[in-house]
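These are the structures, in structure tokens.
Two complexes, one shared chain (subunit A), two partners (subunit B, subunit C).
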Partner chain A sequence: MGYLRRLPRFEYLAPRSVVAVCDALAEYPGEARLLAGGTDLILQMRRREVAPRYIIGLKGLSELAFIRPQENGGVTIGAMTTVRTIESSPLIRERYGLLCRTAAEMGSPEIRQSATIGGNLAGALPCADFPPALITLGAQVKLKSQQGERLLPLEEFFLGPEQTVVGPSDLVTEIQLPAPSPLSDGAYVKFHDRHAMDMTTTGVSAFVTLDQERRRFCDVKIALASSAPTPLRAKNAEAALRGQAFTEKAVEKAAALACQEAQPRSSWRASRDLRLELIKSLTKRAIRQAWEKAKAPPDGGRP
Partner chain B sequence: MPRRARWPGREHRLAIETMQEHSIIGRPVPKKDAWLKATGEAKYADDHSLPGMLYGKLLRSPHPHARILHIDTSKAERLPGVRAVATGKDFPGIKYGNLPQTRDYLPLALEKVRYIGDEVAAVAAIDEDMAEEALDLIQVEYEILPAVFDPEEAMQPGAPQLHDHAPDNISSQSAFHFGDADRGFADSDLIQEDIFETQPVKQGMLEPHACIGLWDNTGKITLWASKQSPYVVWRQLAMGLGIEPGKIRLVQTYIGGGFSGGKQEAMPMDFCAVLLSKKSGRPVKFVHTMDEVLTIGHLRHPIKIWLKTGIKKDGTLLAQHCKIIANGGAYSSIGQLSMYIPGAMLNLPYRLPNVKYEAYRIYTNNGFCGAMRGHTLPQICFARDSQLDIIAAKLGVDPIEIRLKNAAQPGEVTPNGFRLTTFGFTECLQRVVEASQWREKHGKLPRYRGIGIGCGSLVSGARLMGHSSSTAEIKVQEDGTVLLVTGSTDVGQGADTVLSMIAAEVLGVQLDDVRFAMVDTDITPVDPGTFSSRVTFWTGNAVKLAAEDARRQLAEIAAQKLEANPEDLIFRDRQVYLRQQPQRGLSFGELVRLAEYRLGRIIMGKGSYTSGEELIDFRTGYGNMSPAYTPSACVVEVEVDPETGQVTVTGIWGAHDCGFPLNPMLVRGQVLGASVMCIGQALYENLIRTQGKVMNPSFRDYKMPLATDVPKLANVEHINIITRDPSGPFGAKEAGEGAATGVIAAVANAVYHATGVRIKSLPISPGKVLFGLKEMQGKGNKPANLVKG
Partner chain C sequence: MKHLLPVSLRVNGEPYDLLIPPWRTLLEVLRENLSLTGAKRSCQEGQCGTCTVLIDRKPINSCLYLAVEAQDKEILTIEGLARSAEVLHPLQRAFAERGAIQCGFCTPGLILAAKAFLEENPNPSEDEIRRAVVGHLCRCTGYFQIIEAILAAAREMAGKGAQVGH
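Take a look at the complex of A and B:
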């Protein structure tokens, strides 16, 4: 039964390095769970949905809390970076406004202070907000274990609700973002019942790159939250816009395609029909907003 | 939005009048304990601890309906750290509850469990972890029984039966007919019939239930607990334990919100705390988690309301026939009263000569329902005032005009015998129309913006079938301070402040000179409790009488000393002096010392208030339920997002006749709080249950409105209509509940005005709005009122 209870018994391990985390994971395969901000995991444990024997605390790993510019113009974000740090990083704001705005609208200040980007991805809740935004930004994820490192596109990371490619002895170490191309920007538009502090019923991220004349979509990426068992790329919708001029008709068509691609389910939170309606509305809004932002000069409007 | 101030002169005059007439009453002063609460100094039940105290936890049923075949607690008892375990068999098996015919609670389940969350066993251990671990070791063998969750299914022959005493699962019913409804319908030009449905809603008080029980070895029982109606708990505890109330002492702690979320009754945790204390010889503390609070009950009743109204072409209401079926859940709580109220107040604040009413409260295998701020009136007002707008649209009458036409007036007696003393409803309507700029907005706002009105009414304390009177005692102390003792509690509504203001006003001392005592049943006078907006009116009157009693004693002594008539004395600003010669007098403290030291007179004042002996049988319902009634009117403005169905409340303007605002700051706080609560029910809140299991038992998923969901303060206005009720203390009436009763209908009517979509079931969720809009577009974009016909 899902009552919120006291935490179950577990043994707490506090490794000091990534290597030590990998060793601990290898020592207790399947029996250990990584604890980042705990905003999801602690609740799951108190509801007895998971009861790991070992908890490996990542809080002490300063080597995983960073936002680092790369020589290629991209940025690497450590898995233990909090949502708050991402939201307030000048570097992120400058290069990835989409990510900054997405972070700023998650949970409450208290939640953002604890919640990490690694936990948001590895938790793989269908309603998580970072995955669609990061997928449209072309993010890659780095995993590490005693066996070595793997780097894969975020799109290939999710397998199902709360399921990812992260194996029992893997640790997510960082998220890599490619250099932003000029004349590009994005928008993540989500819906929830309340105006703030609520679980995302459905969310749509659109990231667009314009042609030199700022008339056509040169490239478009669209990804959806809470619209399928995993975060979903709406590839048909993207293809329909690529090379097109910005018109309401083109936007409508893309939104209709996104609805066809989505496979939302009915739950007590929202019906499938409502989610489909929302995907349509939010896809249009996301594309429009992304277009407007990409069209504006890079530092336009900012003080 | 610019605010037009038509009435500043009037309000200003009033303020000046008030200041001349009273020195304390009528001033907007902050709540006495505001700083204690803001700094975290106030000690709530969970902040207390006693030496050697144990921690208790309850084992709850995982099944909606099951027979208990066997409970084996031996393993739990053997767990180190566990000091005592209890099951239903440890209690005498006496059912307790509110009204004699609906007593169906047990401290712990005996033969059956009736909902997911029903309490089955309890443990006390040296810490909470141990106690929880012990719960896992209690083995309960259940025989699962078929369960029923829908009230209409539960009424069918052959449906699973919850209680032996209640055939067809009827937990309580009410039926009455006043006037001649058939005649009224026959004379009507238009008859409108609709079905409305409301959802289960929780109080959402921030302090969960908590208590500490001690059963000492002299047989004396003490319970420290967060209880809004401590004497109800005191009696129920005695009832369920099979002992005299005199053996029990109940001490109230600070209360973090009440709203009748359970703090008005004895709960299994209270029984288990004292019983486990008896078994272990140690004090035992219980604190519920918010999950438990949201699961167990005392919900606002979800009700299906069938309402038929007959009306003349000119908009005069002639008759209403209303049938309701309420999903009561597994137990009764105060359900019999819950069923009487919607019928008894179906009409108010309107004039309605003919009323027919039938109510059924049905047992189902869900968490149980009871009272919640406004009791069952927000639901019925939602239905009635929504329907009134449907009717107005059909008749082509303005929604305000139809309400003005039918507004009940002071001096009238309703068909069921309610005597309206003061009743400023017409003025409520006029003022709220002004404040909201209704005439400039109604029918004139841009698409997807709308404005709507809703009205309601409330009692100033209900006469119950049991004990109804209130008592206060005042002890004047040698330093000129005053100890005020009542049986009423401050649940955050401001009783501590308002009752103290009344005493301070009468005795001519400062508000800070009055200390307001919390309830301790060994010391304070018995009181029915804090519910039904009765404290200011009933206890307030008792406090006034007690203070006058003390003043009379002091005046006699002062008169001797000053060689004057007691009637010529003024008590004000800590001084007692002659009206005609203010220089002749003495200080209040001096006077008390004179009385105590020289004359050996201890100054203690006593006052009791009751409002007649008339009793109402809630099943058949004739009689005047309350000494005074308050009307209110509320206008809400909304904006609807046609692509997501999201409704945003952008403005709310309310007018409410509270008789006279003893403390306008507290009145405003109450009114706004109650309005936000009803915005919550209108748009967001819904305790979702699937096969009896609560799906959203947390404040993340049970969505109470946040600051971002309510209008900006600039678009919020509350207007006090002053009528000075002759029997209220300093003219005051109810202010904690009534102002919100019309809010839900106002939201629904505003959504209709914005979109043409008429939503008859709560909450007004994005899905309902969105699909309503689509359905209308499918029908060629005509407004709903023309399509449905």
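Take a look at the complex of A and C:
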């Protein structure tokens, strides 16, 4: 961890627009870091894990703080939208209960007030909670640079711990969610020591779509946190459930497959064996909860 | 490298025009430039909540917040909460009367977090209060009294506004 000192010195830039941020990134290639909510980067700087020459502060970019419904029934979320805003958005609660509940369980109210969705993705910590939930929701992420824009599935965004496809001159601008299908819902279940400033030891997101008769899994998406160097889709587990009726046996089998697909590491937080046990239990719980939620009519109440 | 940036802060209703290096946190500036030592420095990583202050009425960890990014925002520290030395805020009174203060180190952060929470949820359940202060550690471990104090203050504050049936 290292001794937590004062911050290293840097020059601070506060561009007022996305275009100006892209210009600043292009001007100082590799020397600038983007500061969103700061709940991860400030710690990394204090530990001297990073000491960028330039900090580009994004807090003033109201252009990227939005939650916008799309004509196709989907929703676009600006990268500087805080966890708190996502948690309390009626639109997110109504269309993506999974995302709303995931946000409500992150950190403390203080952390949620500062932390942003763009920072949670771009920071690419394997323990981050938004990536598995968003991957199971089929999210896409938009990057912008002086060269232009590109849109890619969030699944293809992560390359390793703290490593993403975001280049030194790229800015994550928005996250796009597809229209939710009827008879679908999800659950993100995690194990962690304590709520505030929690690092997820293991997390599992399951998102299921039921068939018309509400007896079988029409589609299933499962993604894991802190179970591999990057957020991981458990595709074999998903495939085992697709088309199946909801039975304990089917759920058990999917959980066993998820364990085989995962590559958790041992760390001071938890051993590999403990993490495998957790992946098994949490996958079962996530699938069961997702199934129950998808079967029930939308409650419209509080998460 | 430009080392000093002009920053205008509004703290407890008072305007301050400062020249500060960008790497200074809001907590450092409050404590060291403004001598407002109610917000405490402890874990420095957002775990303990002793540095919590309100920015535009919302709680944040001031150890994780650059002072330059608080430009033009309304900051409330524990020093600005009571209307006067004689008239304490209901939360302050409830904490004092119900033994929710032992060493007092966690108290400013907890009271400010509770204030912001009660503005959003004036009639909370005990469970909701526990979740609202999850980002705060009390090493005297007086949590029960803290929860009770927040509940009592909530009842008092809600009672003042309107008739409350529950």
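Following the convention adopted for this analysis, the second predicted complex is superposed on the first by the 293 of 303 C-alpha atoms of A that agree within 3 Å, B and C clash if a C-alpha of one lies under 4 Å from a C-alpha of the other, contacts with A are read in each partner's own complex, and residues count from 1 in each chain.
In the analysis below, a contact is a pair of C-beta atoms (placed from the backbone, for glycine too) under 8 Å apart; a residue touches a chain by one contact, two chains touch by 3 or more.
A quick note: this is a predicted structure, and the numbers were derived from the prediction, not measured.
J.: Contact-wise, after the overlay, does A:D193 reach subunit B, subunit C, both or neither (first, second, both, neither)?
T.: In the superposed model, A:D193 contacts subunit B only, not subunit C.
J.: Considering only the touch criterion stated at the top, classify A:Q113 as touching first (subunit B), second (subunit C), both, or neither.
T.: second
J.: Who does A:R6 touch here: subunit B (first), subunit C (second), both, or neither?
T.: Both partners, subunit B and subunit C.
J.: Just to be sure I read the superposition right, which of the two partners does A:G57 touch: subunit B = first, subunit C = second, or both, or neither?
T.: Only subunit C; A:G57 stays clear of subunit B.
J.: I'd like to know which partner A:K249 touches here: subunit B for first, subunit C for second, both or neither.
T.: Neither partner.
J.: Need the overlap of the two footprints on subunit A, from subunit B and from subunit C, as residue ranges.
T.: 4, 6, 194-197
J.: For subunit B, which residues are in contact with subunit A within the complex?
T.: 60, 62, 116, 128-129, 132, 289-292, 295, 643-646, 648, 684, 688, 690, 695-698, 700-701, 703, 705-706, 708-709, 765-767, 770-771, 774
J.: List the residues on subunit A that touch subunit C in their complex, please.
T.: Of all residues in subunit A, those touching subunit C are 4, 6-12, 14, 35, 38-39, 42-43, 46, 55, 57, 59-60, 84, 107-111, 113-114, 194-197.
J.: Help me check something: in the complex, which residues belonging to subunit C touch subunit A?
T.: So the residues of subunit C in touch with subunit A come to 1-3, 5, 21-25, 28, 43-47, 49, 52, 58-61, 63-66, 68-69, 113, 116-117, 131-132, 134-136.
J.: With touch defined as at the start, can you tell me which subunit A residues reach subunit B in the complex?
T.: It is residues 1-6, 191, 193-199, 268, 270-271, 273-274, 277-278, 281-282, 284-285 of subunit A that touch subunit B.
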